[in-house]
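Below is one structure, written out as structure tokens, with a few remarks after it.
Labels for the chains are A, B, C and D, by order of writing; each one numbers its residues from 1.
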Amino acid sequence: MNSFGRLFRVSIFGESHGQLVGVILDGVPAGISISEDDLMADLARRKSGAAGTTPRKEDDIPHIRSGVFNGFTTGAPLVIQVENKNTRSRDYTELRKTPRPGHADFTAFKKFGGYEDYRGGGHFSGRLTTGLVAAGAIAKKLISPVTMETSILEVGGSEDIQAAIDKAVEEKDSIGGIIECRINGLPSGVGEPFFDSFEAVISHMVFSIPAIKGIEFGSGFAAAKMKGSEHNDSIIDTSGKTETNHAGGINGGITNGNVVVFRIVVKPTSSTHKTQRTMNFETRKIQDLQVEGRHDTCIALRVPVVLEAAAALATADLMMQSGEIKRINQPKDNIV
Amino acid sequence: MNSFGRLFRVSIFGESHGQLVGVILDGVPAGISISEDDLMADLARRKSGAAGTTPRKEDDIPHIRSGVFNGFTTGAPLVIQVENKNTRSRDYTELRKTPRPGHADFTAFKKFGGYEDYRGGGHFSGRLTTGLVAAGAIAKKLISPVTMETSILEVGGSEDIQAAIDKAVEEKDSIGGIIECRINGLPSGVGEPFFDSFEAVISHMVFSIPAIKGIEFGSGFAAAKMKGSEHNDSIIDTSGKTETNHAGGINGGITNGNVVVFRIVVKPTSSTHKTQRTMNFETRKIQDLQVEGRHDTCIALRVPVVLEAAAALATADLMMQSGEIKRINQPKDNIV
Amino acid sequence: MNSFGRLFRVSIFGESHGQLVGVILDGVPAGISISEDDLMADLARRKSGAAGTTPRKEDDIPHIRSGVFNGFTTGAPLVIQVENKNTRSRDYTELRKTPRPGHADFTAFKKFGGYEDYRGGGHFSGRLTTGLVAAGAIAKKLISPVTMETSILEVGGSEDIQAAIDKAVEEKDSIGGIIECRINGLPSGVGEPFFDSFEAVISHMVFSIPAIKGIEFGSGFAAAKMKGSEHNDSIIDTSGKTETNHAGGINGGITNGNVVVFRIVVKPTSSTHKTQRTMNFETRKIQDLQVEGRHDTCIALRVPVVLEAAAALATADLMMQSGEIKRINQPKDNIV
Amino acid sequence: MNSFGRLFRVSIFGESHGQLVGVILDGVPAGISISEDDLMADLARRKSGAAGTTPRKEDDIPHIRSGVFNGFTTGAPLVIQVENKNTRSRDYTELRKTPRPGHADFTAFKKFGGYEDYRGGGHFSGRLTTGLVAAGAIAKKLISPVTMETSILEVGGSEDIQAAIDKAVEEKDSIGGIIECRINGLPSGVGEPFFDSFEAVISHMVFSIPAIKGIEFGSGFAAAKMKGSEHNDSIIDTSGKTETNHAGGINGGITNGNVVVFRIVVKPTSSTHKTQRTMNFETRKIQDLQVEGRHDTCIALRVPVVLEAAAALATADLMMQSGEIKRINQPKDNIV
């Protein structure tokens, strides 16, 4: 389903080439100062424009259409919408017959019986993360002073990001990357036992971002080569501070007060300028396919702010569940 | 919360040194042939006994206490319990002051204010996966003919499992490992758009297993070094079969009819015989800690069947949501 | 929270004097033929205009902003919005000090700390049922050939509706009423055991409609004066048809194949032209209060179509859970 | 599904003539003092024994099997079980062919395809409310100092309860009744906007109790005959106290600080000693039916404590959502 969260719930809607994309945020505490301007910085970070990103450009002006009154959240649901403007009307009929490798064309068809909006990926498009980023900007306000920090560790197997992008553009191919997210300032005790561990809830949310194919916390896959005596983090003060942070700030699924650290892998953009092979469902023969349209050489470049948003949304919900965020932000003075 | 699933829901309970561990399964279709014997094979696979596993031995006899009548599920909730027998009563008072590195001692204390059952890890213990495995044996019946297949790829950084275990035992240390899970026979179209993608739901469930610190689907983290033209899987027949399977059987969060493949990393067992350092919360000084008790040198050896159970439970719920599993298994002949 | 439903989920948003009101519908099967015109008939039934209803008039043009493509639902969420146009900007400052009896002014203030949008009832306004009615029109399509039928049994204690309204208008007071809803054509077996009985889920949804203060199924409160031998409905054919229908079509929380019948009571509209007494929270003294604005003498007149919508939404979700409604409405012919 | 609650969740299991009945309670705050003795008083109130109740007698000894340690809740799920002892093994084969009027025999068969445990009502039996009452005793602790108070207003249409029972026993028939519940001491601000109003959530839970066919809050159905100026409750102090309480303590779905008052109707027990008519599904002819077994002449007599339990469980969940109940009850002194 297109909703996530128990007390702080985000619901997503829209299509790549439809009228709009957006979100509803339910369970937002009353009394948070919010304006559309507050969302612009993160939306700008998500935009394309740099080398290696798609030439499709959108203004991405967010409209908060409910749930805010006199500059503050009211406790009622926030609807945030971003209109699609730069959609190109063209004929997708031919494309329908030849599902693009790596894309959701075939699976969406199987899931929705051919009724799906297939234009530009429809509801499966990365365009939907626009709403997620807007929602994330609000979630970041809720969890403050907890902060999110992301960095691109590598793209195309190279730590020299610019060089890797240049090479991929030249080869007319696409590349993926690895991104690290750090959540600073989280108190200990966040995360629920067993099924709603901090790792479980973050992962659930993060895998909703298109193109993510893996996640690891702390030492992650490297832990498979470590010994217990190396991997265990010694507690060195009464706040729970640890000497090392192989656990990535989480023990038994619950935050331990250290920085939460996790990394994700973004697969290479499925759309490339290279000729590929796929099945033609009309002729029932395998054929060459040239994917037209505007695409990102390396979508990983635009993922950091989306990842922050996803992590902030999941963190906010867990912090509300553990009582770290209140239903009314702060008492209002001049009432009644 | 200690529940997971939308239509097929598992709830877990119990403590390592309490009376019992177990699960409730709600939403089980009526008419599935089930007996306690059906659960024994998987429970036996989870047991210790082999070199590298804990000397604590439990009979692990499952009792189905409701929801089955005349050998078939009734549609009402199944309660499955396993009594704890081999619990050692000893003094944990000293231990309380010195949280064990890598364990949930400190975080459980922060979460539950000192009321938590701290004996042997309490509700955080790997002992709770007994219930999960029993539930998984039933989930496997539901999803049949879909099957789960797991293999240990490496432990302690070595593909020679026996050698790695022997070395760790000799060093009185613990080691982790990497396990692969393959889900065979899944139809295309399973998984929900956006937040409940197949990857998201599997990951949510899998991170509930203690000691898991990472998960990757298909090529996973290796995709960061691939080009799009390499990573994309060409569709080669009208069933959706692909030439390669870098996507791990999932596009856009929805199964594509190929084998679903994912890998997890199990961290080294937190309990080791090595002397470690931790904070003493009474003296407020860092001190040496010798973790007593019975432990697994390599808990990864016992994880495969738990991983299958977790994956089967999540898969069953998603298959029910997409209509692949019916509420009544098959019509009963001789009724009324 | 502002969402309802397990597989077919409606989320509501908006405020009486804000920009808009509306809903998201998630879990709508793909392949349902829908246009905005399909929603107009029910929205027209909800409108004011008749004697006894508010002079506030709105065009109530619904806009489906996502989830429909080429005239059919796609399986992605539907966003339906109705813009507010006839909102009067006036000063509510004075009103804030003196909560109106019968309204949510005081409780909203207590819940949201003064940040709530108090204009015209804000998020608590009956105006939000506009979105519910639009959603209900779609739910009715899903459950077809099951149909909803409502009738006003009495208003102001009188079965002569027109006379009762005339009298109340003359007295400058407001009145309530009793409305019956019949759900025709429901198969047996709908409703879930224990907590999600058909009665429980319908009631949950129906009490979301503002001004509803009671609900009864079948003989309802009259059953308290009946004997078991009278109240029990004899089964008279193998389809489960019963001679009488004191149970209102439900046994053990599950539909029995007969008509489902229930009645609700709508309290008198809280806003009346009569002078009332309330607390002034500034002066801290009780004072007279004259409620200004446009109101319905008898809101019960406009409730039937809202009640049908609420019942259709709840019924659709339960029918999806019991497998009576499929995820894809019907196979599409002309696709790949 | 057999679960209810967002943060404080009760799951129910068991069958009338199976091994046991019981509940899981998840989300119980840590640090609540609980023993099995605390549950006995309410369980005793639910028992039969008085005139007008069934001769089936059960010890109803509750066993708390997890989630309590050293006399306090730990924050982990509580499993509470009551073994069934006084089950009579007899032949139900004949009964299967002739569904009892008023019972769930026919609907359970339709829902579960003949696999349901039909002995004594199986999972649909009032016997399951034993677990609910045990859970309710814990919920009452959580919501303290809020208290529940119930009274039987009438049975069999008579306020003289004893006389009505005697008459029904003499006539070998069964009767129903009306019960009022009052929730004292609730703060204002409890209940969620729109779909999770206080009335909606209470009703959802209350209709889970077998035999309930109606609910009304405050003036309830009588409001249909009142004028707005009569029905509205004037606020007479700054705590929100109202002069009258026609609203039953709830405005806009949110508690207003006055006593919450609601009434339910309990239908006459479906089992009576009178001969009834039903369909024989084997002969496909209508025939006489004599319902054997032990039954309550007036099950309403045993409902008050069940109603308190249901209301306490729903209230506790809503109070946790609005932040009135904390995740850790009180700090523990002597820890670490």
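FYI, a contact is a pair of C-beta atoms (placed from the backbone, for glycine too) under 8 Å apart; a residue touches a chain by one contact, two chains touch by 3 or more.
Source: prediction; values computed, not measured.
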item: Greatest separation from chain C - chain, by CA centre; value: B
item: Of A-B and B-C, pair with higher C-beta contact tally; value: A-B
item: Chain centre separation (chain B, chain D; CA means) in Å; value: 36
item: Whole-Å gap separating chain B and chain C, where each centre is the average of the chain's CA atoms; value: 43
item: Chain centre separation in whole Å, for chain B relative to chain A (CA means); value: 26
item: Where chain C touches two or more other chains, by residue; value: 1-3, 6-7, 12, 75-76, 111, 123, 193, 281, 322
item: Residues of chain A defined as touching chain B within the complex; value: 1-4, 6, 12, 99, 101-104, 106-108, 110-111, 123-124, 128, 154-157, 168, 171, 173-178, 188-189, 191-197, 199-201, 203-208, 210, 212-221, 223-238, 240, 242-243, 246-248, 250-257, 265-272, 274, 276-279, 281, 284, 286, 322
item: For the chain C and chain B complex, residues of the former touching the latter; value: 6-7, 75-76, 193, 321-323, 326-327
item: Chain A - residues contacting chain C, complex; value: 1-3, 7, 9, 11-15, 18-20, 22, 24, 26-27, 30-31, 65-67, 69, 72-79, 81, 96-97, 109, 111-117, 122-123, 281-282, 328, 331-332, 335-336
